[in-house]
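In the two complexes that follow, chain A is the common piece, with chain B as its partner first and chain C second.
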Partner chain A sequence: MYRYPYVTGTSVIGIKYKDGILMAADMGGSYGSTLRYKSVERMKPIGKHSLLGASGEISDFQELLRYLDELILYDNMWDDGNSLGPKEVHSYLTRVMYNRRNKFNPLWNSLVLGGVKKGQKFLGTVVSMIGVHFEDNHVATGFGNHLARPILRDEWHENLSFEDGVKLLEKCMLVLLYRDRSAINKLQIAKITEEGVTISPPYSLKTFWGFSAFKNPTVGAEGSW
Partner chain B sequence: MHAGRFLEYSLHTVQDLVHHKLLHLIEKQANSGDRIDLQVRCLAPDLPKVPFAKAFEEATEIISFRFFVPPFVWQPMKFFGVGSEQRLKEAIRVVHDSAEKMVTDQRIELSNAGSLDDRFDLLSRLIQIKNPDNQGEKGLCGIKMSKTAIEVPPKGGFSFDLCRRNEMLFKKGVQPPSYRKTGTTIVGLIFQDGVILGADTRATEGPIVCDKNCEKIHYMAPNIYCCGAGTAADTEAVTDMVSSQLQLHRYHTGRESRVVTALTLLKSHLFNYQGHVQAALVLGGVDVTGPHLHTIYPHGSTDTLPFATMGSGSLAAMAVFESKYREGLTKDEGINLVCEAICSGIFNDLGSGSNVDVCVITKGQKEYLRNHKLPNPRTYVNPKGYSFSKKIEVLSTKVTPLKERVEVIEGGEAMEE
Partner chain C sequence: MDLNAAHSMGTTIIGVTYDGGVILGADSRTSTGLYVANRASDKITQLTDNVYVCRSGSAADSQIVSDYVRYFLHQHTIQLGQPATVKVAANLVRLISYNNKNMLETGLIVGGWDKYEGGKIYGIPLGGTIIEQPFAIGGSGSSYLYGFFDQAWREGMTKDEAEQLVVKAVSLAIARDGASGGVVRTVIINSEGVTRNFYPGDTLPRWHEELEPQNSLLDILNTSSPEPMSIQ
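And then the complex of A and B:
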């Protein structure tokens, strides 16, 4: 009954910082074990106050964007001066995911939703296609849970500055680049504050392969095979 | 295996039984008009009374009678040779005689035919091997007693009898017993003077923590230590085995062991067992060629690395290493980094927990820091202690300090390491 995902994106990481939310995701779309698409934008602004990042099936992410587009459109048509904030969008996403799974037709995604409304920062995640959700100061999907969360638990603190936040995210993305096979070295960092959303242009991280032990690996193991 | 021959044999036997025995029997019964009673153990009423078989059955019956009466009844009977015990003696004598006769017959056949190679039973085989002297007779008689020694095709190789039973049990929902796994975080790194190994101390059995403070850093040689993850029994056994092999090798060569020796011994053993010995190891040490750090996977492949992590908490620990490792760390920085990595495993992985063990190996010396860090202390201890309910009274107290019973002798010969 479950379909299989075809084109998938890997982890997304999000953290709260002094002025709002910072989110990072790479731009790879894997087709099974081949890296087919290298310019997939996996983070999109939703309305005025929210930013959505997704991992998992890309087509389901695009479908979600359509649902959210409709939602925001109808909200704007009321023209009552109110707009949907991140908490509301998060709640809507959870309902959509959970109801789809109850009908055995899930949207194969893990989502990270962050935003600021009226000074209140919100960062939440819909963990899987099953529809579990929670909020925290730092969230990640997929491999990010195993590789980035430990670093974030140790080094995150309240009121990170923008530069520190970006450095922390880059540290996590570097570990993911080294150790997640479906990660690529082309990422975007997105920032959302009270003023609005900014998604950076794609860039790469600097990697280091110069350990002396890597240069001549068998020099320490001569006589073995 | 001899599946083909076994099939042939079964076919022949069944054909034999049907043609020569069952058909005759049914014909006879049809002619005589008697009813056949299928409940009776033997259908044919007029089987030749083989004295051996009859005596054997009688003996078995009488012995089972022994179980129904208390010993003080049948033992005097046996002593005096009265009643059922006398018949038992007689029956046993008949059985022994028949067995001896069969053995002697076979021997005669051997001397006549020159060899018993085409007879498959155990007796023929044994007669051929043993020297023909009377001492073997009793033993051979004993073997003859067991019915399985008679004319059965030989079974070589592995006996798969229990596999079908295990399958059947599994289908019925009976779970096989689970192994005790160490569900672990183990790490190693190379710093400027040598190698530092680290491990957590939790051993799990499925969802239960079965050992809160176990030792996962195993001794291999005075200059080589090995951390183990996976099935606890496998890691212990394999490291013990290779450690003894290394010791023998040291006696043989008169030199300090090298890390590659331990590496090769471990990987050959694990590869031989094709991954069934589930031991994932981080091997580190300092020998004449310098400091070395290797990881060994359960299937037998190895890696040589500047920093390594294994076990269920390996991703959490690797995240710390990848972001903070650099070359030329000092000893204190190295120990700190190892502790951080293990703590990352302890707090972020459910299979790891409790305390941090560290082992620092440098040229010429090693420091085994057991429980170097205790990040999970027992913070609350009930100050009142445990009070028994009022219904339980202490009648008398007697305290015998055990130390007085043990004599400690100073001196004597110290045991080798």
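And then the complex of A and C:
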């Protein structure tokens, strides 16, 4: 009845900042416990105003991108000067996910949709394959909910600068790298503003292991781990 | 022993790009449970003149998928008036794999050469994800090759270097994966055309704890020192 996912992506994090939205995701495609693919782009621009990040089954994400391609194409063909904004795209995605869920044939994804149109910033998630959706100033999928959101609840504030926003996302991604088994050290950060979408080239973060407790974990308790 | 078990190609399959084209490689074992139903299978199947696919997983599923894709690509080529691109072939494979994901159990590697993009490799694992890669590995034997490729793969190899890498890799996987075995087959695809190669066991290197094959113990006894079969 329900099928199961094969190639999966892990957390996506999104935050609102001064000029728009910042989103981060690593480039891993896991196959069960194997870190099989290490160059999967899990964030893609949609039209002129939106950015979609996905975790979960990659083949379903690829199919969603095809649906969205068609949606944007038909919208452009009206040639009426109007273009689908992030709210509309988010609504479309919610309907698709919920309708598939009702037919017991879900798209096995958790999605983050962010964008800016006419100065209005939008950041929403469609949480998992059951169609639950909401908007917030900071959102995450998967492990990100447990590890990143607490950090964001404490340190996010209105009108973050680009630099502060990137540093905040990197702080979250580093924790995920330490503590999420499916995370890999190769990530991208994407920015969306009124001007458009930019996705950074892939890069890696430095990790820290220099605690004396790490070097000598069993001092004072021989035999422990 | 279940001789009516599904024919599965445990398998090791590999696709590698090099400076000028692609090399596809595979083992040749098809098993029915624990019995080896075919020890000399050809898992590298033609889709068009310039695009081939490596098949793994269920033998039946991979054969029917490649048959359908060959059929559609043939018609597409006639309509287009020129050879199909590797990307189109790979996307057709993806379409069938994705839309029948509940019923199929096959992982495929599509590789070929076209005049627009040169040599390209596309991996299409279970579920129907499509992913373009400089090299791809698949099948049960591939588990033993992730570390090997992490260390041995380089961008911009020559044709001979790339083929040697593929043969070495399949041979290493055969050494450790019970579901892979037999001979190593390779297919080289570039602007000049397609070349098939065949590497039987005796041409492959010896790995850890493997010995040189002999005709008989008698040969060892005749050539070696006085007491090879001494009483312990």
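Everything below uses one rule, namely that the second predicted complex is superposed on the first by the 222 of 225 C-alpha atoms of A that agree within 3 Å, B and C clash if a C-alpha of one lies under 4 Å from a C-alpha of the other, contacts with A are read in each partner's own complex, and residues count from 1 in each chain.
Definition applied: a contact is a pair of C-beta atoms (placed from the backbone, for glycine too) under 8 Å apart; a residue touches a chain by one contact, two chains touch by 3 or more.
Note that the coordinates shown come from a computational prediction; the quantities given were computed from them, not determined experimentally.
Peer 1: Per the contact definition in the header, classify A:K18: touching chain B only (first), chain C only (second), both, or neither.
Peer 2: neither
Peer 1: Let me test your reading of the model: by the given contact rule, A:F211 touches which partner, first (chain B), second (chain C), both or neither?
Peer 2: In the superposition, A:F211 touches chain B alone.
Peer 1: Should A:R95 be classified as contacting the first partner (chain B), the second (chain C), both, or neither?
Peer 2: neither
Peer 1: Contacts for A:H157 in the overlay, against chain B (first) and chain C (second): which applies, first, second, both or neither?
Peer 2: So A:H157 meets neither chain B nor chain C here.
Peer 1: Taking the superposition on A as described, I'd like to know which of chain B and chain C A:K167 touches: first, second, both or neither.
Peer 2: neither
Peer 1: May I ask you to name which of chain B and chain C touches more residues of chain A?
Peer 2: Chain A has more residues touched by B than by the other partner.
Peer 1: Between chain B (first) and chain C (second), which, if any, makes contact with A:R3: first, second, both or neither?
Peer 2: Touch partner of A:R3: chain C, not chain B.
Peer 1: So which bits of chain A does chain B touch that chain C touches too?
Peer 2: Common interface on chain A, chain B vs chain C: nothing in common.
Peer 1: In their complex, what parts of chain B are in touch with chain A?
Peer 2: 190, 258-261, 263-264, 267, 289-290, 292-294, 302-306, 315-316, 318-320, 322-323, 327, 340, 344, 347-348
Peer 1: If you look only at chain A, which of its residues touch chain B in the complex?
Peer 2: Residues in contact with chain B: 143, 146-151, 153-154, 171-172, 174-175, 178-179, 211-214, 217-218, 220-225.
Peer 1: Quick check: in the complex, which residue numbers of chain C touch chain A?
Peer 2: Chain C residues touching chain A: 94, 98, 101-102, 123, 125-131, 133, 143, 146.
Peer 1: Spell out the part of chain A that touches chain C in their complex, as residue ranges.
Peer 2: 3, 5-7, 29, 31, 34, 36-37, 39-40, 57-59, 62-63
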